[in-house]
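So, here's a batch of structures to check.
Same chain, two partners: subunit A is paired with subunit B first, then with subunit C.
And now, the complex of A and B:
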């Protein structure tokens, strides 16, 4: 086993174990922390595959942004009773079914791309990524940013409407 | 104040005679007390002062000699690497062992940059804050301007009891300082300390540094939450809101620099600023009209905010929150938070020097004989002085003012700056 594959498989194991802990731990804050660890391990997977820009972007956006904001929300809105939640309810059979369906879909993708590890030394990916996004896929890129801006404005609009109407349920 | 006349007989067992006052107006005529000012009036008379000065000169000389050797030997690093590789192959070890040893050596050097910076910056901050407030700061430790104060403080912190509150979440509380301090050491990997002086040449260096600098806030939140204390929790919440907000203008203010230099690699950015306009104005980004100064100011302000220092220190506001997210920490765990703070100050200083002040480039033509790492260190230290100066000059923001300032001033102007830079690139080049 080479160093690269050792790094890859240890990161994969870390991502899976911490993801499992996210959905099984009863303390909401602990779950949020393990979510951050899981996202960081996914960033490690990108690094092991030689995708340097994606690695830095994943850390910047997911670990430094989204995981922190989730923790912020948990701490801001959390009550003491939230710290001892059961994470499963009586609908586990339906949940299992949904999982099976999405796993089948993922498996069909995995079969195509399995065992395609980076063979050569990683090359810088920032410039090709920029050219892809701004030239070859400029239209999808702009549409995605439009959708995200609309979602942002919608969120602001609804939170403003709630604040202006004190009778609305919080 | 009772005035004792010179005619009265002094008390028999008093070694130091009483001060002499004018009986009419009570003004001091002859001060016989042992005032520190008397010592400072002629400090070289004290043997401890001379000894301390000699010791300090020796230490600084040793640091510079080591630095000079590193600076001069940096191109010879390949030779050192070959030496390690030949030793490894002679011992029958695989190539991986050579790589691991080499990376470990570099990581150790980077770790010591952060640690020694902590010793230096704390002492310098104390002296500067003291002189800004008309005090003198540490004076006795080490004999010479209190230079050994931080070392003694470090020993004190090591010996202090490590307290975990009874209501604390034990594991999260214990892990928080580690999660705070590790990213700053990792983030130093691509920092260039001069031309060809970086531990790792990472193509996405700028993004890498900003990404890892953003992880520390998780440790701050963990510490704030796990302490089981409402002041700590409030400090952690404020820190999250502030750091996540100020990351945006901090990142966007660097985008013009990246656009002009066309790379995310720190050494390429520093190299893009080589040369002079009209033969004497260096082509540093800070001298780019409008765009450069705006980016510099926004980056400086956002960096001060990212390090939780005084105009922006609402996460640890002493007058409101005891000391914020690290209220329940003591000893070495507490000092980890401060090691991190000063580590981020140094990181921001090196980034400011790299992005806006030309990195290791000389400010005037003909000064290239001085090695690039001395220019880099000098620029970084000048920036660090600005950081300390800002901290001890401005009063603290209120929480809402802090957010307004970020979202309504810094962020729009950093966007506008990107547009200015794009227009300049499109029409002027």
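And now, the complex of A and C:
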């Protein structure tokens, strides 16, 4: 087994097992912790694919930002009684059926690509990615900063809407 | 199973991660659990983009650029989503989606 396939199988196994634990565990705090582990394993897959900037961005934004943010909210809203309640609804069998049907459909597409191998070894892409962003994708790059600013304002608005107008209907 | 990792390996992993996330989004009662499942689905899409970039078009970086945009949009989505969850929790005192019936009037 080569180093590349060892990296792929270990990271893929870690990502899949922790993703399964995210959706099945009853304790939401444990789910949030396994979400961080799954996102870190996906970051390792980016590194195996030669996407070094995505690897760094995944660690910074997802593992360091989103997983921690979700953990904060879980701890803000969690109650001890949640541990004794069911965390899945009655439709899990139907959900499983939907996923199985989708998997058969996706598998037929995936089989088309089973002979595609990597043409070259992965090379660092941070510099070409920066040039690409500032030259070809300059407009989307600026728009995404606008989206992030709007999201920041929206989050602040939703967080203190009640404090601004105390007479709002409950 | 061939010894070398092909594109199909990565696509299978992406499909399985996406379906796990979809199963979680369909079946979790806790709205924070649903948000976590949606993050898993975003990650599955990003794996596919990075894998297509690496295997089919190794001289370009367009797939990785789109994956970066998805990461930024996912960050914005989770920030607004969690702020909404906090606002809803202030009014309804619950995190279970079947009790979120405040839009019924």
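One rule holds in what follows: the second predicted complex is superposed on the first by the 132 of 170 C-alpha atoms of A that agree within 3 Å, B and C clash if a C-alpha of one lies under 4 Å from a C-alpha of the other, contacts with A are read in each partner's own complex, and residues count from 1 in each chain.
Just so it is clear, contacts are C-beta pairs under 8 Å (C-beta built on N, C-alpha and C of every residue); 3 or more make two chains touch, one makes a residue touch a chain.
What you are looking at is a predicted structure, and each value in this text was computed from that prediction instead of being measured.
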item: Partner chain(s) touched by A:56 [first = subunit B, second = subunit C, both, neither]; value: first
item: Which of subunit B and subunit C A:46 touches, first, second, both or neither; value: second
item: Subunit A: partner with more touched residues, subunit B or subunit C; value: C
item: Touching partner for A:17 - first (subunit B), second (subunit C), both, neither; value: neither
item: Which superposed partner A:154 touches (first subunit B, second subunit C, both, neither); value: second
item: Partner chain in contact with A:33 - subunit B first, subunit C second, else both or neither; value: first
item: First (subunit B), second (subunit C), both or neither touched by A:5; value: second
item: Touched partner set for A:124, first subunit B, second subunit C, both or neither; value: first
item: Touching partner for A:69 - first (subunit B), second (subunit C), both, neither; value: both
item: Overlapping contact positions on subunit A, where the subunit C interface meets the subunit B interface; value: 53, 57, 65, 69, 76
item: Residue ranges of subunit B in contact with subunit A within the complex; value: 96, 99, 169, 172, 202-204, 207-208, 210-215, 217-218, 221-222, 224-225, 233, 236-237, 240-241, 243-244, 247, 264
item: Subunit C partner contacts - residues on subunit A that touch it in the complex; value: 1-2, 4-5, 8, 12, 15-16, 19-20, 22-23, 28, 31-32, 35, 38-39, 42, 45-46, 49-51, 53-54, 57-58, 61-62, 65-66, 69-70, 73-74, 76-77, 82, 85-89, 91-92, 94-96, 98-99, 102-103, 106-107, 109-111, 113-120, 122, 125, 128-129, 132-133, 137, 140, 144, 147-148, 150-152, 154-156, 158-159, 161-162, 170
item: Contact footprint of subunit A on subunit C as seen in their complex; value: 3-13, 15-17, 19-24, 26-30, 32-33, 35-37, 39-40, 43, 46-47, 50-51, 53-56, 58, 60-62, 64-65, 67-69, 71-80, 82-87, 89-91, 95-96, 98
item: Residues on subunit A engaged by subunit B in the complex (per definition of touch); value: 3, 29-30, 33, 36, 40, 52-53, 55-57, 59-60, 63-65, 67-69, 71-72, 75-76, 124, 126
